[in-house]
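Take a look at the structures listed below.
Both complexes shown next keep chain A, but they swap its partner, so chain B is in the first and chain C is in the second.
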Partner chain A sequence: MKDLRTGLTRRRLLGTAIGGAAAMAAFPSWAQARTLNILSHAVHERVLGTAEGDLLADWKAANDASLSFTTFDSNPLQDRLFREASLPETEYSVGYLIDNRPTSDIAALFEPLGPLNDANPIEDFGDIAPGLIQGMTVDGNLIGIPVRHATQALFYNEALLEEAGISAPPQTLEELVEQANQLTFTSSAGTPVTGMVLASDLAVFPVMFARAFGGDFITHDFQLVPDRAAMEQGLSVLRGLFEAGALPRSYAATRNDDMVTWMQQGRAAFTVLPFARFAQLNNPEQSNFAGRIKAIPFPGSSTLPAGTPMSAVVEAWAMVIPRNATDKELAWSYIREVSSKRVTLGMALNGNGPVRVSSYADPALMQANPVAEIEAGVLANARGAFPPFPEAARAQATMLEEVQLAVLGRKSVTDAVGAIIDRVGPMMPA
Partner chain B sequence: MRTRKLTELLPFVAPVHVLILSVIVLPALYVAWLSLMESSFGQAPSFVGFDNFIRVLSDPSFRSALWNTVVLVVVAVHVELLLGLLLALLFASGLPFRRVLLVCTLAPYAVSEVIAVVSWRYLFDPQAGPVTQLLLSLGLPVLDWSFEPVHAMILIAMLTIWLHLPFTFIILYAARLAIPGDLYEAARIDGARPWQAFRRVTLPMLGPAIVVALLFRYIFAFRIFSEVWLLTGGGPARTTEVVAVYLYREAFTYNAFGTAAATAWIMVLASLLLALGYVLVLRKQVTGNAH
Partner chain C sequence: MRIDRLFIGLGKAVAVCMLLLWSLVPIAFVVISSFKPGREIFAVPPRHIFTPTLEHYAALWSRWGVFFDGLLNSAIITVGATVLAVVASTCAGYIYSRNSSRFLNGSVLFLIVVRLIPPIVITLPLFPIVNFLGINDTHGVLMVLYATFFVSLGTVLMRTFIDQIPRELDEAAQIDGAGRLTILRRVIVPLASPGILAVAVFVVVFAWNEFLFAFIFTGTNAKTAPLVISEMIGSIDGVDWGILFAASTVQLAPVLLFVVFMNRFLVAGLTAGATKG
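The block that comes next holds the complex of A and B.
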């Protein structure tokens, strides 16, 4: 039958449709031979560089492969990664995993990498920080190769300190509190300055304050609040800062990005962020205080015995291969290349926290990153905020809820710490 | 003959059934099944009966979230109805620059919820927000929404009313325009005053439209998420959390799919109950007024 208006016949219509479908099905063969699909945070893709600065250009050419990144923010990324790894098959052959997520059940979704490393080893594997490797070893299986760490530092605005007549940044937590209170003022530019800005939705900050007194939230051997007095002291300091106005009134609504903005605008004198934020905080295109925002190790309390190291919080990312991935061979090849000394250093120069000890000895990195040496020192004693276990996310949220109540003055610090112990206790692994 | 016609027609209707079955019925059944299971990533689902429902209903955070949701829905939907009705009557009475004003009134409905929340968060920033600064300069009290849960709830309610007022307004405005002018003419001849005309003519005639607007808004408003999640995240200390945020945490933060599914079903039943009771009462009143 022929349509008299268009001249289209049924045979021609069907032929065109089938031909078009066949052409579309054949399309991938026109592109590069292999595409490696990767689930990551945007920062993981960015630090690998682009165009002329592409750190993987040679690897791509040698493997006739292209990379296709699908990026998300941290929590949605982990959710999507676990979802993909739970399917019968996934086209994502590499994923980026945070070190406080792999419980036994989660780890079982990913390929054990030990045998792959034995058969085709990563360059100088022993150079990768052993603590980070340990964090990715679950039930005796290495399931992820560390690729990035974010170690927390104390950032301060040097210009504001000078304006307030403070000649040196704090060496102890007590000095930090004193300076933060002193720096809660209106600057000469007319900007109301808050001594310190901290987000209220991350466990990092209360944990850092508890550790400053030798305490912790959950240790790596699963002790909940091992030193109750230290936790109470840490939270009392936060509450004192809030009551003095040295933490913003909007503390409960403050998020990570707010901390960066406040520091760049000179609205806060101190904050706690990963060392890797140094470049962003001092970026002349974004910051009103480019070059004047400095980083030092977060100080411990003067009440701690002399020589007691302060354990800053470190969060590490690792590359994993889902067990159901379609191209494990290419995935391992990618992981080997990204873990090489050359790429690790290249990524570090692009702002990545390097997982290789040797990277910190590189003159180029030392020159490009003024805080690299300090970061290396802090990393030596750093550990995760809490270990992975099935109810870790709920435990963190519960702790943060009680911390907010204590800091905002809606509950006494003693009661809040008691509630943390009572409520989180049943969530702990047996 | 009739049977044959139905058979012939079935292929044309079938895609609709397949669509409804695949995007509504099957997912709903799957969520119902999941609500009876304990399930997370890397675990095979295991049957736990109604434990998830008991766990959710006995959780103080859920009860607080449910209370917050009910308060927000009741306040927001009724204020929206009142404002929508006032605006509809105002527009119907004849306004200068009616088209421009109509565009202004409807504009919030074209704004993405995320953009709206980010804008409002900026405007009402407790330290540097333009609205906060303006109120301070006028010596007026400000909304301390990042500290006071009640203030946060007020801001969330204001935001959701602003976002969804156009929906209620346009339904009521269209219904008001459809009322024949003869009725008002007859009322006027009978000596009805404006208030009597409103009570005896406008309100009964708008009854069905009011029911439709309320029904839709009750069900939509019960799902409130973006406004709360992006503005307060449910804080401080979960005091402004609503049921949809509770569900999100269970599913996507704690990966507890069983309790998340149970929460979803409780949410559906609660919203239907809330809407159903109100609609029945209102229908009765409207019918009574009409007679």
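The block that comes next holds the complex of A and C.
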């Protein structure tokens, strides 16, 4: 049948379509010859820069390669990464892994990177924070190269401290408690202020308070509550803050993002968040106290022996290669480049927590990030909230349940700590 | 008596108001906040009078371009899944309505039971199969999954609708020489169109907002808008609430307009067969 207006027949139309498709298929492609598929969080892609600020432009040109990022939020990302790594083959050659996830079973899904690093080493490998490397070494195998860390700091609202007549931030945990109680008031702007805001669903906070007394939840060598008295002291402080109204009445329902908004609105004077949140807390588009929210190391108790360092909680991300990946050579080349001094510094200037000690000495970073020097000092002694093991998620949930009961006054601190030991004990690896 | 009626009427009005508040306040908060300056979104006390701004929409456009790609993917998948589900449900509903056997009656029960299985149970074993077939991260796989998920409910709904159409019309068409397909196309479909629209509304709302299947079976090419929004919520460098609310509003608007427009058909669909003797 012929279309009278166009003179086009079905046969011509079909022939043109097939011919066009064949021509397109045969035409030389301008796209890069190789594509490296990466599973990551959006922030990992963002810190590598785009267009003229693309930190990997030279690497892409040298390898005739392009990058294809598939991004998810943290937990879905880990879920997808493990799922992909469990298949007979995956198109994803690089994944980003959080350091509290790799148990022995999970680590077995990823390529040991030691031999690759021996054959084709990463630039100045010893410059990468040893604690972060240790977190990615499972059963003697290095399975991930650290790429980003989030180290916890104590944030305070300088304007509220001034209003309450406090001239300097706390140097000890006891001072922090005293100031938090003093700062539970109604500000001159009419805003009801709570001394401190903390989320109740993360192990980070009770662990930080226990460490302030020299205790811990689970140590790197899997000792559960190694110092019971220290854990009880830490939880007693949290209980005391809640009782005094210096923690929100909504403590049990408070989440991480509430902490940010409460600080930005001047509803809380202190909080504990990663140093990386400094920019967001002081963002003039979101914060009523832009430039007035400062960060310092979380203080230890004055009862600790002099010179005992406070170990803040750090969470790190690392780049891994699934064992079933299709292009391991290109994946390792990418990891080497991203781990180089130049790219690590470039990512740090784009807001990434740098894993290299030398990055913190760079004047450009010092100028761009006012808390870089403090962060470097805290990172030196920081360690993960707890080591990875198969029942870690359930252990954390159990511990938080008991902590909440203690803080809300539904259970005595002593009983809660006892319950943590009794209930988490059977979940510990043999 | 009058006082009783007055109290009952008042009680109903209060209940409706409470229900409206419960449903509309969160939506209104999200939509209004998307037009508020960032610093005023969570201000205490809340600021109800403010100068509206489009800054969050501009930031959404410039910083989260992938969200609009996701919207396009959502639209393609939603249309595809809806067409598939409607066609399959209508055909199956017609067969169930006009035929009767022990097998068919038993399979209706099976359709309902299948609908009760939690989606996660199906997705986990499907993941390696979909990978093996090489159809992961395609629009097609989500279209088929969403349609499959709704065919059972759609079939039951369509059967109820078609049951109301007199069989005499089929017989008259048959006498005129029409085959089954012609009867379906020329007689049944036009008369059952309110039911078809009701099924379409269900599928559209489900496919537009679905997260679990999209999370498991897509990566880059077929990533849908709800997945991008979930990234905004859980961003490890902080949530930008203004942008998040703007994205939620943009995501909400098309499906809300569609449902409002189709509302009368949806009600007709839900009440189909209610007065059948």
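Rule of thumb we're sticking to: the second predicted complex is superposed on the first by the 399 of 430 C-alpha atoms of A that agree within 3 Å, B and C clash if a C-alpha of one lies under 4 Å from a C-alpha of the other, contacts with A are read in each partner's own complex, and residues count from 1 in each chain.
Please note the rule applied: a contact is a pair of C-beta atoms (placed from the backbone, for glycine too) under 8 Å apart; a residue touches a chain by one contact, two chains touch by 3 or more.
Computed from a predicted structure; not experimentally measured.
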- request: Please indicate which partner A:Arg267 is in contact with in the superposed arrangement: first for chain B, second for chain C, both, or neither.
  value: both
Message: By the touch definition at the top of the document, which applies to A:Val413: first (chain B), second (chain C), both, or neither?
response: neither
Query: In the superposed arrangement, which partner chain does A:Phe82 touch: chain B (first), chain C (second), both, or neither?
result: first
- request: Answer with first, second, both or neither: which of chain B and chain C does A:Asp73 touch in the superposed model?
  value: second
Query: Who does A:Pro192 touch here: chain B (first), chain C (second), both, or neither?
result: both
- prompt: If you stack the two complexes on chain A, which partner ends up touching A:Ile128: first (chain B), second (chain C), both, or neither?
  reply: neither
Message: With both complexes superposed on chain A, which partner does A:Ala252 reach: first (chain B), second (chain C), both or neither?
response: first
Task: Scan A:Gln286 for contacts with chain B and chain C and give back first, second, both or neither.
output: second
Statement: The intersection of the chain A residues contacting chain B with those contacting chain C is 75-76, 83, 192, 267
Task: Using the touch rule from the top, collect the residues of chain A that touch chain B in their complex.
output: 75-76, 79, 82-83, 85-86, 103-109, 192, 200-201, 248-255, 267, 390-391, 393-394, 397, 401-402, 404-405, 408, 410
Residues of chain A defined as touching chain C within the complex: 41-43, 68-76, 80, 83, 87, 150, 190-192, 257, 260-261, 264-265, 267, 276-277, 280, 283, 285-288, 351
- prompt: Inside the complex, what are the residues of chain C that reach chain A?
  reply: 37-39, 42-45, 55, 127-128, 131, 215-216, 219-220, 223, 227, 230-231, 233-242
Field: Interfacial residue positions of chain B with respect to chain A in the complex
entry: 40-43, 125-128, 144-147, 231-233, 235-238, 249, 252-256
